[in-house]
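Remarks on the structure that follows.
The letters A, B, C and D name the chains in turn, as written, and every chain counts its residues from 1.
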Amino acid sequence: MKYSKEELMVVTGAREIKDYDKVLVGIGLPMACAILAKLTHAPHSVIFFENGVVDPKSTDYGVGLADLKAWSGASYYTGTLEVMGYMLHGGKFDVGFVGVLEVDMYGNVNSTIVEVNGKPRHFTGSGGGNDIVSLARKIIVITRHEKRKIKEKVFYVTSPGYIGGRDRREVGLRGGDIVVITDMAVLKFNKNKGKMDVVSIHPGIKIEEVINNTGFPLEIPSDVPTTPEPTEHELKVLREKVPATLYSKSL
Amino acid sequence: MTYEVESKLMKAEEAIKKYVDDGSHIAMAGFAITRNSMALAHEIIRQRKRNLKVSMSIGDMALDIMVGSGAVNEVNYGGGSLDRLGPLVCVNKAIVEKKIKANEHSNFSMLMRFLGGALGLTFVPVKSMLYSDMVNDLMRKGEATEIKCPFTNEVYVALKTLNPDVALIHAQAADTDGNIYIYGPKFDIKEIVYASRKVIVSVEEIIPKERALRDLIFIPSYRVDAVVLAPFGAYPTNLYGYYYHDEEHIRSYAGLQCREDAVQKYVEEYITSVNTFEEFLKKTISSDKLLKLITLARRLM
Amino acid sequence: MTYEVESKLMKAEEAIKKYVDDGSHIAMAGFAITRNSMALAHEIIRQRKRNLKVSMSIGDMALDIMVGSGAVNEVNYGGGSLDRLGPLVCVNKAIVEKKIKANEHSNFSMLMRFLGGALGLTFVPVKSMLYSDMVNDLMRKGEATEIKCPFTNEVYVALKTLNPDVALIHAQAADTDGNIYIYGPKFDIKEIVYASRKVIVSVEEIIPKERALRDLIFIPSYRVDAVVLAPFGAYPTNLYGYYYHDEEHIRSYAGLQCREDAVQKYVEEYITSVNTFEEFLKKTISSDKLLKLITLARRLM
Amino acid sequence: MKYSKEELMVVTGAREIKDYDKVLVGIGLPMACAILAKLTHAPHSVIFFENGVVDPKSTDYGVGLADLKAWSGASYYTGTLEVMGYMLHGGKFDVGFVGVLEVDMYGNVNSTIVEVNGKPRHFTGSGGGNDIVSLARKIIVITRHEKRKIKEKVFYVTSPGYIGGRDRREVGLRGGDIVVITDMAVLKFNKNKGKMDVVSIHPGIKIEEVINNTGFPLEIPSDVPTTPEPTEHELKVLREKVPATLYSKSL
């Protein structure tokens, strides 16, 4: 069965979610991952927005976390204290997704400010992003694979990764492992190398493409694993039940 | 018959005159394009308040237009946007051009600064923001420092707590006793309301106490200083159960890119050239569109 | 049709077996003679659990009888009584006779230890308990220490936070999705529920989701590990909207003065000689009295 | 108009409450004071219980804070975080009443443990008492005037008064002045003397009676003020509208 790169990314992200996981998401690809997981292998997972919306069941998630369309069918409405405090800061989120402008070789995330043509340009800022990266048990970053996005050093550290290439817990952070899912590969932190490293390359993507589109040096062995393809069932559920507006053309 | 709420009921004009001064520290509880305190923000702009400090967990359109109009010189916030309808054009520009002092936080860090303020603590510990450029900046400014747990020696960020002069909240309803009802997600409203010295709540409607469910009271009457009746008071942003956001209006606002002349024109056209928020609504939105926004929001409850 | 709640629905016997071990740290949220987790406490006594540590803001009859039966060896609490029906006879005696390790607090200090635990903090600052004999004792035990605000240098008590193994809550209702409804005052239920690793909720009734109001959900389904259907599960203490307390029974309990033989007799007669809380109710309360207690509580809503 | 000593105590306590005050009470004499104030000079005052009950309007307050009778007609139900946290610890309570087993010359309060016939006997403990004394703007203690209750030194400090006779704020406490209302007199802290001192003696009570029934030395000048008597209006409202079970025979 053929599939788009976005479909592969959603499936890859969904597989990071286990049954009964509590998952903190934003609208877009992350929400598609969470919905797909819930409709396939993780029926008891629970989806949260940082503003207090729990387990919405909509057909159209609109333009973001503040869109009433994204809240429709929620099982519970609460507030920031309960979601970001008791759940996230309390160590109860298994998976958190974050959007990024840039991510670097230490997993540091920038969602605040970048240089465009040599001039600083300010974007959204942290929102719950820093909280998620600092505190969720597993952090998933979904991004397009480009040199200007996957860098040696981010322009601004909104959320800290593996500080100085060290284990996150060692330096007092509570956030767990950071998984970067791009349209070319999956990257995780490699303890021995002290930096982010490719753990699998998507089907059809060449090693050189990944190296050439990454802003820091990567050493990828020729026997690097291939990212598992979506199953027919996953693709069927994704196409039939997950709103395409969440992930198609969303890169 | 007189109702308790009447002693606190006032026009937006009066409430802002009474409780907001130049230099006041304001807290708001909107979130991107939902539940913005738009009627109250318009009034602040109309009264040309200056040098305001605004603290809020997630920046919204009300904050952006206040910054764009020149009312604000300092912002404590946890990031913000107009969701995918656009960025906070004026806030982003003002930060880059250093026209405002911007203290950036994570969402939860802002919540904790309010929670600590509500609790009467002078500091709160958080694990958020460690090793970030945000905390470096806050430390330079004396708003944050490192602290260790006296039991575990674990490192935390200690944040100064916030006690804003006045909170501006937009709610679905007040009852005739002056209690406030918030439906849908609650964001950080409770913490802001208890952290702030004075509380102004604009509401869509005032309902008889007998029709209200006591278990649903979200802000008790004793905590509210002014109730402003402001139907559609979050427009063009949305309000759960009451109306959907006006995508067209917000997109066109975001499209101004905070070019000075364009924003000034927006402020003149929609805010300072009218006397009240009601006039703004009359001028801006057709009854046809209004009904569509209402109908959609009800369907999405 | 199957309902989500069914996957968590179990008898008190099973819930206590599954989630409470000898030595477990238990949190409860009763308050004097209201909302006691009596059905669950009886089951703990019936299963002869030992060396339990119990943490609660205000001690109640459930705590007292657990202490009286010998199930408890450590208590964190903020004081307690059976209101004017009597003191916590067994707790008071056990403290004086040093049969339990009792860590005394103020009500708010206990709340903050739970709140901090819910928030994943390892310490919380409070102004309560400064210069009290309570804090001196807690400091000796390593549960508290002094800390200074890094900004103002003001002195605070730093308290270790609490993450009990299991919370025992008695609530008015669950819905078929497993969400929990708490009517009337909320005490510290939310903080306890989020501070604890596992949560057992006994309920008066299970209502269809369609009949429940989403805005009234107090404990969301995802936070609950076991739901125990236990009508009159707070008896002889009261439950807002459902039944008044049984003054006669509580007075007679308090009259035992925690004399060992008398308490042992009470435990045998009412708890260990029966197999379930339902049997205890059948044995103890006439339908006539039951209806009176129900009717009175409804009138007082 | 004749009045009982309990009636005088209720009226004296009620007068400590100003209009718009937020008042934290327990059942008994304190509740009678709060209700009387609300029905006379302080109609906008708001009454709170530490468990989250706000402004009950009952005709029978039963046996304590946990009695459903005491909650009847409440305008709002919330929890401990809001009442003891946001309101009390947040510095928003104007007046707090506390019950005591003993109070000493420094205003230290004991509600935990006393010696009875040389043996320790444990009572209620703090509950919200310590929080109130540590944090309310004004603290009112109502007690019978006896040597064993108004002492040089309490057996156990549940709630701290004027530590070592010093100003409470100086030592880092946030609670305000402590007013002790007995069936004989009103006592407040005297800064110059560094201890609690009589500010007025109830009508008909002799100076010697007060001195003889107080467990620490008092110097009472012969021109000590007399506690103002209840007005007819106060007595009328008290007798007609405040449940007598709250205060009669409650000492």
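The working rule: a contact is a pair of C-beta atoms (placed from the backbone, for glycine too) under 8 Å apart; a residue touches a chain by one contact, two chains touch by 3 or more.
None of the values given here were measured: they were computed from a predicted structure.
Colleague: Return the chains common to the contact lists of chain C and chain D.
Modeller: Touching chain C and chain D alike, sorted by label: B.
Colleague: Chain A to chain C: how many Å between their CA centres?
Modeller: Inter-chain centre distance comes to 40 Å.
Colleague: Rounded to the nearest whole Å, what is the centre-to-centre distance of chain A and chain D, using the mean of the C-alpha atoms as each centre?
Modeller: A distance of 57 Å separates the two centres.
Colleague: Could you list which residues of chain D touch at least two other chains?
Modeller: 77-78, 85, 89, 135, 174
Colleague: Provide the list of chain B residues touching at least two other chains, using ranges where the numbers run on.
Modeller: 120-121, 127, 154, 183, 190, 215
Colleague: Between the chains shown, work out who touches whom and classify the graph as line, ring, star, complete or other.
Modeller: other
Colleague: Touching pairs of chains, all of them, please.
Modeller: A-B, A-C, B-C, B-D, C-D
Colleague: Along chain A, where are the residues that touch chain C in the complex?
Modeller: Contact set of chain A toward chain C: 22, 46, 54, 74-78, 82, 85-87, 89-91, 135, 174.
Colleague: Okay, in this complex, where on chain A does chain B touch?
Modeller: Counting only chain A, the residues touching chain B are 27, 49-53, 62-69, 71-72, 77-81, 84-85, 88-89, 111-113, 119-131, 134-135, 156-160, 163, 171-174.
Colleague: For the complex, give me every residue of chain C touching chain B.
Modeller: 120-123, 125, 127, 142, 145, 147, 149-152, 154, 156, 158, 160, 183, 213, 215-216
Colleague: Which residues of chain B touch chain D in the complex?
Modeller: Checking each residue of chain B against chain D gives 117-121, 177, 179, 190, 194, 214-215, 217, 220-222.
Colleague: Which residues, counting only chain C, touch chain D once they are in their complex?
Modeller: Result: residues 31-34, 57-59, 77-81, 83-85, 87-88, 91-93, 95-96, 104-109, 111-112, 115, 126-134, 154-155, 183-191, 237-238, 240, 244-245, 247, 296-297, 300 of chain C touch chain D.
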